[in-house]
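Okay, so chain A shows up in both of these, paired with chain B first and chain C after.
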Partner chain A sequence: MSNVNALVKNVGLPRIIIAMFLLLMFCAGPFFGIPTDTSVDDVLVRFGMNGVLVLSMIPMIQSGCGLNFGVPVGVVAGALGAVLSLELNLTGPLGILVAIIFGLFFGAVFGFGYGLILNRVKGDEMIIATYVGFSMTYFMCMMWISLPFQNPSSLTGYGGEGLRVTISVQDYWGGQLSELLKIPISSHLVIPTGMLLFFALMCFLMWGFFKTKVGTAITAVGSNPEFARASGISVDKMRLISVVVSTMVAAVGIIVYEQSFGFIQLYDAPRAFAFPSVAAILLGGASINKANITNVIVGTILFQGMLTLTPAVINSAIQIDASEMVRIIVSNGMIVYALTRKAR
Partner chain B sequence: MAEDNIMLKLTGVGKKFDDVAVLKDVNFTLEKGQIMGLVGENGAGKSTLMRIIFGMNVIAETGGYDGEVFFDGNKAAFTSPQDALKAGIGMVHQEFSLIPGFTTTENILLNMEKTKPNVISKVFGKTLETLDMPKMRERAAHAFQTLGVNLSTDELVSEMPVGHKQFIEIAREIDREHVKMLVLDEPTAVLTESEAEILLAAMRKIAEMGISIIFISHRLAEITSVCDKIVVLRDGVVVVENSTAGVSVHQIADWMVGRESSADAVAAKRHEEKGPSGSDFVFEVKNLWVDMPGETVRDVSFKVRRGEIFGIGGLAGHGKLGVPNGIMGLSPAGGIVSFDGKEVSLNSPISALNGGLAFVSEDRRGVGLLLDEPIDWNICFNAMQVQGKFLKKVLGVVPIRDEKAMSACARQYIEELSIKCTGEKQLVKQLSGGNQQKICLAKAFALSPSFLIVAEPTRGIDVGAKQLVLEALRRYNRENGTTILMISSELEELRQTCDRIAIICEGKIAGVRAPETNAVDFGLLMSGEIRDDVEETA
Partner chain C sequence: MNKRMRYILVNSAVPLLFILISAVAIPISNFSGMYLLSEIITRLTRNSFMVLSLLLPVMAGMGINFGLILGAMAGQIGLIFVTEWGILGAGGLTVAAIVGTPIAILFGWFAGNVLNRAKGREMITSMIFGLFMSGIYQFFLLYLCGSIIPFSRPNLILSRGYGVRNAIDLEVMGGFDNLLKVWVNGIAFPVGTFIIIGVLCVFTWWFRKTKLGQNMRAVGLDLDVSGSSGIPVEKTRMQAVIISTVLSCYGQIIYLQNVGSLNTYNGADQAALFAAAALLVGGATVSRATVVNGIVGTALFHLNFIVMPVAGKNLTGQAMLGEYFRMFVSYGIVTTALILHAWSRKKNTDSARAERK
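Moving on, here comes the complex of A and B:
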């Protein structure tokens, strides 16, 4: 019994419940006409698509800026990079590389401004971040319309001015990572090796970043800002760096998402990434001021697994679309759970 | 002494916090209309005693107290300050609890307003009655008259000098109906001398009205001049309960510090084993002011010799903690601080650290430690960030943490300082206070500082750990010749450890003495009864 208790304590009750639920869905799938290999494929793809976005939570959590509800700031930076790459008519590996470079650049610029704002609202970062994300999304809505883009495949069909709501990247660099080194296992299951390897690379870089002197200082700032200050560290500077890094990683994350999905989603869409990413890392066991790579991997698998499997299985089973309901309950429930357990 | 003339009687009162006894078997009586002076060093148990009498929640939450308190003939078991107020105990705290935007009258009569009925209140009840301002002003004026101060009843509290606010606080307490006893906690600390005199005169008047007063003050002259009797607390025990007639300030200081024999012996022994320090001054502070909340430093100058342990003592709130926090750039400060001939720029922690200074903060959990991180991180972090130790280059350029070196260093200190833990990867928050303090020392030692500042190194740790921590400091000083500046509220500890001791009173250095100096002298310096006018020479 004590072993069981220790296990529950180590792994965490929320993770055990969700993992059991996920397992149940896998087992139940075949009975409702959903082959297991399809389920596995869905989960792997969604995991690869969202992994980097969830990873972008780490720097800000570690520096004490809290959960990055301002993910949309990075998402619009990535989207801007993506449409600029299209604008240059670049295709293939070069296309996605340029998209990422532009995304990193705008991520750094936007992240800098975002970080300056967060340094002025210490203690209320998360609520302000939410609004910065909203504002940035709608500010960019104006930009999508008014910036002088030329590529016909990005422009609206009618009038020819302003960008479309969804732009297909299929002819440019769609699937550049997902298709790379892909391993077909069965007709329904293809392992997106390239995308998973890219995620692994990003994880490695993040892990390495937190091994450096700056990464160590950022962790200390998040752990105890007064301690860091007494050690001669500029708390504001470390927080700023963490916000910039988070925003840049989120920009890369959305490009990975877009190449797999096949579309760039503009206007309202960036808003939709904040809550799922936050919920995923929390589900993975992160707290408001501590997170690691394991939290990201476990959380993304559990959360995305639940999102993809539940609707499929439940819809076939009871013929009611309960997917949205489950998604909302779990993602918001997870966030509320984490906020009420705020340690200090 | 007739029983019915007794206002307050304590029999066998004791209090423990987590097995640490802060009060032991406290007995005293206070008669009606008497003024009792309560004195004692920091940590002697004064505040705890007042909390018990006033029924503060914190006492009940930590397991209540032993013994009995009798108030006005009845056994008092107040469960909240409201009960105590109702029974007739008034308390004036050091910090003001006044509403700045209200007038003096409104503040004094807050929640005790005089009202008259109007149409609405006849329907909806008494809470909606109109304020009867003329009557309220009358009450306030009466209270001021009692105190013997000349204050306007319509002035806004926000526009008054600090000294006057103190009178408002007291006026509020005595205006309460059936007030029988007042507790004044350091009421004169913020007053000028002439204001203090008015207050003392007012206290006499109040006492003549039959109200008893417990007067807490560190100004011993005030105690002897105004009080009828004096109770001295030392280490949670009443050492003296006496009439003040014929008692000198000197005598009280002696009672407060006491235990000189043991400290004297240690101080002498320490000198023998150490030998004289260097003669040149390595660290110099000139006209330092520090704006640290609750520990303001006004004008402090001192010099520290190479290789010595220089102590700074004084009562809480007088600025001794402001000194290190100002020097290390943690609180806004001004003045000149120089080390080894080079000026240390203030308001910048990094320049102090780069100058070879290291600091062990008095706020162990708030500033000193990363509670959520392992031991090796805590010990090595400063050295890594400030001096670039414990880093190795990857691909020749990117500096990353050298975990092996960190572990090795942490293990070395765990052994040297006998830190009790499961290993260098244990989280610091799981350690006991004493072991956490040793981590703080190790953190400073890892910087190999040429000048070490230690603030309150033994605060909140048990007796055994105290000796280990002090011994570690002495050894470090002896073996490495590091100059140490040690700040502590415990005089005995300073006398055991330091070569010279400066006492700070009201934000200024009152005097510098050798540790062998009579404890009474230190007591007088602390309470501001003696102040060396000459610039320190020593």
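Moving on, here comes the complex of A and C:
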């Protein structure tokens, strides 16, 4: 019994419940006409698509800036990079590489401004990050309309103004990562090896970053700012670096998402990435001031698994579309749970 | 002197900015003064009650109650049932309020419990908690109404047989507005609604002077000090949230009786954003807000809301640009006000620390 208790304590009750639920869904799927390989495929693809975005939470949580509700800042940076790559008519590996480079650049620029703001509002980062993200989304809405883009495949046709709401990247660099080295196992199950490897690479880079001097300094600032200051670390500088890194990783994350999804989503869409990414890392066992790569991996699998499987199974079982509702209740419930826990 | 000037400037930066934007945008939009005036009166009837419901949590030091959506949902449930029962006019609205009140109290009690466990980050928690409860609200209306809870009116229920429709025409439309409508120079003044809003203003002003109001202000100033001087901190904060939720329930009912149709599932989403923006535009901060801030802010914010898209269109020839600019300004205002407040508070603690040395 004490073993069980220790296990529950180590893994955490929410994760055990969700994992059991997920397992149940996997088992129940075939009875309602959803083959297991389709389920596995869905979860793997969604995991690869969202993994990097969730990974972008780590630096800010570690530096004490809290949950990065300002993910949209990075998302618009990545979208800008993607649109610019299209503008240069680049295709294939070069296209996605250029998109990522542009995304990193704008991520760094936007992240710098975002970081300067967050340094002035210590203690209120999360609510302000949320609103900075939303403001940035709508600021970029104006930009999508007014910037002088030329590529006809990204412009609105028929007398509209500015860029399309969704731009297809299929002819440019769609699937460049997810189709790379793909392993078809059955007709429904194709392992997106390239995308998963890329995620692994990003995780490795993140792990490496936190082993460097700057990385350890960031962790020190997050766990005890007074102590960090006393030992000669510039708190503001480290927080700024963490925000810039978070934003840059988020920019890369959205490009990975777009190449798998096949579309760049502009205008209101970036807003929608904030809460699910936050909820995923929390579900993985992170708190508002501690997060690691295991949290990201476990959280993304559980969260995306739940989002994809639950609606599919429930839909075919009792013919109601509950996907939106499940998403709202689980993701926001998870965030509320984390916010009300005592800081460790 | 210089310090005081700077203090005033920082505190009124947001309203000044807004007056400046209006001064530029109104001539460009080509709207007549009469039209703008009548529009502002409509917007004041619609929104000021909702904005004023934000005041108490600010007083209790919990910041802007982004969980306003909880009360709004309670009000909408009330209105749906009144439409089902077919009660018309001001009586219908009163019944809607009576149905909504216990739901709002329950929601407020939940929210108060949650917020008491998240001291220091109430704003983000109230916002997310509101979103969380909107999931439950959707579940209630989409699956329980019409199946477990019987509905007799087919025009309320989706064609599949259960679940409330996305858009509902409210038969109680104008219930309060038409109570005492006075026409001056072709502009309609809904005196009935204004009286209700006036009562709330007086209530808020009176409430500050009561024992509970004083306790709230003390709790808002310092949690620890008021706790050790015998004020039940958590209970007081709870009461502030419950009252705010109940008021926002009434606020949503007043808003919807003016609009006339209910957007069942997305109607309340933006309520908190616009109410918060309006209050902050009126010069309120996250820790200090008055009735005057609320009323002035509502007028100023909605003036911009009307003028901005048209001005943007006239200026650039692009319709959507003004629309997005309006959203950007709403979010931008809340962001700026939150940043200014956090910043000035940090400056204050810094200077207090420097003085002690």
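Keep in mind that, in the parts below, the second predicted complex is superposed on the first by the 340 of 344 C-alpha atoms of A that agree within 3 Å, B and C clash if a C-alpha of one lies under 4 Å from a C-alpha of the other, contacts with A are read in each partner's own complex, and residues count from 1 in each chain.
Note that contacts are C-beta pairs under 8 Å (C-beta built on N, C-alpha and C of every residue); 3 or more make two chains touch, one makes a residue touch a chain.
Remember, it's a predicted structure, so these values are computed and weren't measured experimentally.
Partner contacting the larger number of chain A residues, of chain B and chain C: C. In the superposed pair of complexes, A:Asn315 makes contact with neither chain B nor chain C. In the overlay built on the shared chain, the residue A:Gly208 is in contact with chain B alone; chain C does not reach it.
Look at A:Thr91: by the touch rule set out above, it reaches neither chain B nor chain C. By the touch criterion defined above, A:Thr166 lies against neither chain B nor chain C after alignment on the C-alpha atoms of chain A. Of the two partner chains placed by superposition, only chain C is touched by A:Ile145; chain B is not. Chain A contributes residues 208, 211-213, 216-217, 219-220, 223-224, 226-227, 229-233, 289-290 to its touches with chain B in the complex.
Of all the residues in chain B, the ones that touch chain A in their complex are 328, 330, 348-354, 359, 361, 363, 366-373, 377, 381-382, 384-386, 388, 391, 394, 398-401. By the touch rule above, chain C contacts chain A in their complex via residues 63, 66, 114, 117-118, 120-121, 123-125, 127-129, 131-132, 134-136, 138-139, 142-143, 316, 318, 320-321, 324-325, 327-328, 331-332, 334-335, 338-339, 342-343, 346.
For chain A in complex with chain C, the touching residues are 69, 117, 120-124, 126-128, 130-132, 134-135, 138-139, 141-142, 145-146, 161-162, 267, 275, 320, 324-325, 328-329, 332-333, 335-336, 339-340.
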